[in-house]
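Chain IDs A, B and C follow the sequence of writing; residue 1 opens each chain.
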Amino acid sequence: MPEPVMMLRSGQASASAPPRRGGFLVTRGMLASEWIKLRSVRSTWLTLLCALLFVLAFGLFDTLSVTESWNTMSAADKASFDPLAEAFAGMQIGELAFGVLGVLAISVEYETGMIQTTFSAVPRRGKVFAAKAVVGGGVMLTAGLALAFVTFLGGQWMLSAKNLDVQLADPGVLRSVACTGLYLAVVGLIGYGLGALIRHTAGAISVMFAVIWLTYGATHAVEKWSYLPDRWLLVSAYQTLSRIHPQSGTSALRAPTTTMAFVELAIYLLVFLGLGAWRMSRDA
Amino acid sequence: MTAQSSLPQRGVLRSFLPGRGVLRSEWIKLRSVRSTYLSVLFATLVAVVLGVLATSSDASNWATMTAQDKAQFDPLGDSFIGLIFGELAFGVLGVLAISTEYRTGMIRATFSAVPQRGRVYAAKALVVGVVSLVLGMLLVFGSFFLGQAMLSSKHLEVHLGDPGVLRVVLSAGLYLFVVTMIGFGLGAILRHSAGAIAALVAMLWLAYPIGRVLDHLSYLPSRILLFNIADAITRTHAATGKPALRIPSLELAYSSLALYLVVFLALGAWRISRDA
Amino acid sequence: MIEVHELTKRYGPVKAVDRLSFAIRPGQVTGFLGPNGAGKSTTMRTILGLDTPTSGRTLVNGVAYRTIDKPLRVVGSLLDAGAVHGGRSARSHLECLAVTNDLPRSRVGKVLEQTGLSGVARKRVRGFSLGMRQRLGIAVALLGDPPILMFDEPVNGLDPEGIVWIRNLMKSLAAEGRTVFVSSHLMSEMALTADHLIVIGRGALIADTGMADFIQSSSLNDVLVRTPQSRYLADLLTAKGAQVIAAPDGGLAVTGLTTEAISQVAAANGVEVYELARRQASLEEAYMKLTDTSVQYRATDPGKRGRR
């Protein structure tokens, strides 16, 4: 039995309010704990597997349909052909899976009540939030990059039959693939922030989906006044970051610059993680 | 028919006939969960506001629009631009109507009160269906009238009496109903909110790559995607160019919609008769 | 050592806990009693830093829970045994908690053994019975080998064997010099386990006393006397300063005199006595009497309604 921890420091006696000291600094143990939590639940692996299968299958089939019809395609179609966009055709399913994973990482703890046990082991809630974000973000970034590279290689392997493939060393290709992985992690972390904010799986998934995919309805509604809201959509940021050929026509008006796209991703992350952290510091 | 054999074999239809008590119980369940109607209410608000925004931007920018933009102008489409949020909320409502009972274990209490599971399912489906149909119609007619009022300042509005308009407005409401019931079926099949909602939104919005993959063989898969069905039944002008090939005819659209409804409700009914 | 100072917790207009103060000492099992909704769980949640008090404070070993660096080594707690992710195995559940406080992994195996869960350690918690979940919750509490333990309704869902097990566990933990604080609504169980009692009603303290004193001080302790000359003896005893109530079956319930004194009075006056028995209130009766006015949710007793 360890000796009772007697810390009768006078300054701490009134510290019933959450302490600010070392707010988000996490220990290795906390990170290990979150890793065990993520790893020990089957739905984590099922979700990632689903993402991989759908993204690969859609990407490969879409690429296949292009290579098969290439000889009969019109010149205009050939000109607008983007070898990466075809391979990444199923990426939205992957994004959905990552977002759901991020939501579940926290919402289930609230729904089961496990969060109370977590907080009694680590009473500083900011640290719990940070540890989860670091581990979740790390896992999703790794998985996202792996998914993006595997899909890229698969797609290019199919395109190489018609010599339509591009290499990682070609201009913009590496950035596009890496940004796809990054984007998957960002979507996952937005899901995580929303899960912490809403504490309810169904609600958080719905809002996450609306924020990422349905907001175009809102921005298109005001398009006749300004294209600025269009450029602030997450999907527009991803379009800019993932395409090798710049877009044309109306799509170009809706696309932000590369720098802006990165800034937008960062701001989305900040806002949603900030909201989640704020809510988590409130009573469970 | 003997008493022993009558339980499982009694007419399939009869085992799905809910009594008034079961119906009322399901109505109370749906009504008493605040999050359900709050989310639907919120989505309705968003949908109506976006419709008003889109149509008022049309009206205020009409003078400076290009001839091409004017030709593509769709007075109905713009007042329905926010309906996607309605679809999401209605679909989620359908999922939650059943999945939460499984998550909380409430379903066991429900089944011990009414052991004929088919009746529980039918009662739930009926209540959720009627509620979504009524709310859906309110939403689309509200969006329609507000949107047209915005357009009337530039005399761009259409009227219910104009050809096809009433059908389109009704179809938009019907679509909300079908989406709700697909969500309901998915909730019964998967018994898990997160999975069912993810599957629903993937089907509604993210499935188009499936169609595109098969486009060079046949446009039929594209045409029976919910996304394109919705497009077909809520459109007043015919589409042009490549997208037009993916949009089904009205007959195909309505019959596939009915097929979706039947398939998902039937799968849910089959699944609910399995052990909870 | 757990200290609660002037604790008040308000949920909107409702005061769940109202200026509650007490201290839980080491080396004994302290029972926490109160009707449903009296504020027991809120108080325990506040001690664990899960709820922020409206005013007042709670300290464990002299510090606020939220400032403790490795709290599982200081306080072990079981609040809600159902609060586990169903898809996780018992071992993973314990492991992910152990590593946050830098506890060696060997502790996980040890508490699994201690709670009799070694055989199902790799099974997913979803399939656990209520009793097994309760054991897992206790395993979490024991994980850090803490000097302070807090259990909210620990015997819920346990079978008789499990109840004896947890009773002995709590007693042995207290005997090792630890602070054991346990809430329960099962009076008979509490009477067998607790040495000290904290009783609250409507969020306020009603009693903070030793188990023996609590039962002793109840007005329900009396002496039953059965005699053929009950009216005569009643008058004699009343004259000696006792309070005498005639029981419906003809016996006398006497308070204020010991059995010896009653016997002397009877013998001196030649009164025949058939039965002379000291009656001690059970914890349950003493408790019911004490909390009678502070019950928040009361089932209406149809038989008594007319007489009130």
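By definition in this document, a contact is a pair of C-beta atoms (placed from the backbone, for glycine too) under 8 Å apart; a residue touches a chain by one contact, two chains touch by 3 or more.
In UniProt terms, the chains line up like this: A = ABC transporter permease subunit; B = ABC transporter permease; C = ABC transporter ATP-binding protein.
Computed from a predicted structure; not experimentally measured.
> Please categorise the chain-chain contact pattern as a line, ring, star, complete graph or other.
line
> Write down the chain pair with more C-beta contact pairs when A-B is set against A-C.
More contacting C-beta pairs are found at A-C.
> Cα centroid separation between subunit B and subunit C, in whole Å?
Chain centres of subunit B and subunit C, defined by C-alpha means, are spaced 54 Å apart.
> How many angstrom lie between the centres of subunit A and subunit B, each centre taken as the mean Cα position?
From the centre of subunit A to the centre of subunit B is 28 Å.
> Report the inter-chain centroid distance for subunit A and subunit C in whole angstrom, where each centroid is the mean of the CA atoms.
49
> Where in subunit B do residues touch two or more of the other chains?
Residue numbers touching two or more other chains: none in subunit B.
> In their shared complex, at which residues does subunit C touch subunit A?
45, 48-53, 56-59, 61-68, 71-75, 77, 79-80, 82-89, 92-93, 95-97, 99-102, 140, 144-148, 176, 178
> Give every residue of subunit A touching subunit B within the complex, in rising order.
For this pair, the touching residues of subunit A are 58, 61-62, 64-65, 68-69, 89-90, 92-93, 96-97, 100, 103-104, 111, 200-203, 205-206, 209-210, 213-214, 217-218, 220-225.
> Using the touch definition up top, name the residues of subunit A that touch subunit C in the complex.
1-2, 4-9, 12-19, 27, 29-30, 32-34, 36-37, 39-43, 108-109, 112-124, 283-284
> Which bits of subunit B are touching subunit A when the two form their complex?
Spelled out, the residues of subunit B in touch with subunit A are 35, 39, 46, 50-51, 53-54, 57-58, 60-61, 65, 78, 81-82, 84-85, 88-89, 92, 95-96, 99-100, 103, 193-194, 197-198, 201-202, 205-206, 209-210, 212-216.
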